[in-house]
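A, B, C and D are the chain letters, set down in written order, and residue numbers restart from 1 in every chain.
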């Protein structure tokens, strides 16, 4: 997986986020301030613009640039969160010109650790972490060495995590002020997290050569 | 959505251009970042107060940069914290050796971005302090008051700290003053018609004719409770009681800020003020200072907030000191 | 209708009580009439400027009484001229031997009531002059400009005449100054969402999503034309052209007032200002002075107006002079 | 017709105006600023309050007080107009303790002259004068000496005058700025004028003793 591959993956995520923008807006309108769809789409567009010139750069360079671009384009709550995730992930694969199957695990771990380090949210607080943490745990716990199998498990766990946010009362972020009133509506940040996660799963599926990373 | 805009994605940029064209005597753009605005004339040798937050609340936050107010502001997207870069840019443009005080509302986004900015500034060897404003009684109970969000009380903080910094308070007493003042500051908001974010065109909530949100913030987020919309007197009663009950010791002299959220007219705000002041008189709480107007808005939302600050002579002097920003001008 | 009021029939009284409670340093009620407000401290030995009009336009008209502004104001019912009595009361309270200038908008009601007041004052031997403001280009063609109605240009008249009277202009030069200034003043309004009169609860008009009224006044009266709602740039183009084309000779230096009608945000007004200023630059018309804000409103109407005044150095000085009223404060 | 009778007439007018308040609001909303219904009802309520203590006073006293009360309660456009009409009418019947049939003509003439002197509007300009002028002319022109016949003619002419305002372009008052856009909507001030006129006609019909004034 080269820098160029990372870019096509980011492109797929951007497309999926655009498809879900109105849904994200609608959820954030109910528990937050209604900007989450715009924020994610804007942020990912900024990523695409910034990484275009980096087709021949190593993955770490693409990821680092993506993080900076996302942060500067959106700020907001998700800016520092995903920026940190990108930067940590870049750090985990630093120097490598191409990523192999092994690196996927390190990258995923760094991603989730970055989010956690910045936002300090845990499972059950009605945030994106209700997707990312179970997804990472399912990925890691999966006995198979097959990357696609592991990713499928992650996507499934992420989906379940997203669904669980509906019944939760928010404890972190803007929605936490609503407390009980936030119950009954799923968390917008959890949905966008799932959209990203599912796009990653799909991207690996459609890759020429299937699961084999080079 | 009917708004006087061109491309909503460009609205913040175009607004800034309009402001800079009209108010060169007050504001200029930082050469370091297009979303950082600073005082037209840098004030030397004083602690610099840097503020910021999401756009769409005008005159907040850029209206509170100017003499006797803040030194610089970072503009975020609509209802979204600015990233660290413009915060750092505004700070570096304003820094003249006496350090930086970052003042912002208690939102997860603002906290993370401003903290990142503070780290970056500290790395450069610039002394930085932060003051997080958490005045909204509606957003958390007293025991969890440090997790409250910041609403109109932020504006009083900018005024007080801006005046104090201009009068020569060094960084450490400045942050002490701000912290103490804000510990005695309480707000509560109410709203009955929604706002529309220009970038989505979606109304923030739908309420029936007789309903309102109690404890609403300045982003159209739902409030704490949906209740029947009452008369001005009834709304004064419930909001004032909510605020007063939150003070561990009832204040004896207060400053009041009645903030209109967008489409609520000045007439309504004064009818409401009358009801608030009548009740304070009954409780024998002296009103030492009042301001009524649109100080921090939520687009065209219908509603208002009440902010009460327990004041001493020093705070009153700072509130009355001259200042000149787009959102607050007196004595200049 | 969702408004922060008690009994709408009492809203004007309650607003006045709220204002008087909060701003004793600026305004007081005339002992002669409850609907007449005058400066907290009477300014002696100068011509007194008395203004007035219907309520529901706050901060107009009571926001323009204070030092450097008018001396007294008469408050009418919602969107209705005050009767002669409060006008006479405000005038008699403010009169100190140098005569009275009555300034009001050109509406049949205001004209009749102020004329009756002028007659009553003249009977008492008080020198009285009148200045009728007719700045709304949208309300009559150039040839019939004396029948135009008064809109936001009125506010510039109060500022200019208030400053001049405080600087010692005697009655006759004062009215001459006002007349000449207002001959070079043009406004045009646009609106896209209606207002609701508190006393009727009825919306003033219904427009489809893409429609707006061009040439609207400040009472929700229909405009001259119903047209497609354009972008800020397009609205700037049509409003600016309408105003500029009405000047017999294109002005070289102007003062601009961008007035928000109620629910239009400051961000929108500045996006619009940007478009107006860009066009003026193209025409090489210098902008010597700008003000953006809600100076005369129509409840929660969505819309704005553009006012352009052809200025000389003297008018600029008068616009920049210090003043302190609820609706306009600078340098005090 | 004593002062007390004038008061009952004013009461009937007030009642009729209240019945038509919403209609007046609706018309003024279309061609003006929407306040005409409130203004007329408020003004007439103020009249009733002011004249109550004058039951034993002569008609001129009641009319004079009514004019002052109306003016001070409403201001607006109609305040000076109807105030002047009341004051002129009071002048026309000054000193008399009771009005006879003869006085009705003088009173009506003074009423319409007062309106005209103050507002300077003529027929065809889409104002209340499109009711009052034709009504007065029909009253005067009616050959019969019978007051009720004359009043019936006035009311009929007033109604026709009101209806003609629909097709007119306003030339006076707030609606004049609309010019052609005011066409197709009848004038609110003309409607309230007709309501007043018709109430006067009806009052005389329901009087004990029919047409006979004492």
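Methods note: a residue touches a chain if its C-beta (ideal position, glycine included) is under 8 Å from a C-beta of that chain, and two chains touch if they have at least 3 such contacts.
Nothing here was measured: the structure is a model prediction, and the numbers come from that model.
K.L.:
Could you find the chain whose CA centre sits the greatest distance from that of subunit A?
P.N.:
Chain D.
K.L.:
Approximately how many whole Å separate the CA-defined centres of subunit B and subunit C?
P.N.:
Centres of subunit B and subunit C (C-alpha means) sit 29 Å apart.
K.L.:
List the centre-to-centre spacing of subunit A and subunit B in whole Å, with centres computed as mean CA coordinates.
P.N.:
Taking the average C-alpha coordinate of subunit A and of subunit B, the gap between them is 32 Å.
K.L.:
Roughly how far is subunit A from subunit C, centre to centre by C-alpha average, rounded to an integer in Å?
P.N.:
55
K.L.:
Which subunit B residues reach two or more other chains?
P.N.:
Within subunit B, no residue contacts more than one other chain.
K.L.:
Would you please write down the residue numbers of subunit A that are in contact with two or more other chains?
P.N.:
none
K.L.:
By the document's touch definition, which label belongs to this structure's chain graph: line, ring, star, complete, or other?
P.N.:
Per interface graph, the chains form a line.
K.L.:
Can you list every touching chain pair?
P.N.:
A-B, B-C, C-D
K.L.:
In the complex, go through subunit A and note every residue touching subunit B.
P.N.:
25-26, 29-35, 37-39, 42, 71-81, 118-119, 172-178, 181
K.L.:
Which stretch or stretches of subunit B touch subunit A in the complex?
P.N.:
Residue list for subunit B touching subunit A: 54, 76-85, 107-109, 112-113, 116, 136, 138-140, 147, 149, 197, 199-200, 202, 204-205, 217, 219-222, 224.
K.L.:
If you look only at subunit C, which of its residues touch subunit B in the complex?
P.N.:
Going through subunit C, the ones touching subunit B are 2-6, 11-12, 14-19, 21-23, 55-56, 58-59, 63, 192-193, 209, 212, 229, 231-233, 235, 262-275, 277, 287, 290, 292, 294, 297, 299-300, 302, 304, 329-332.
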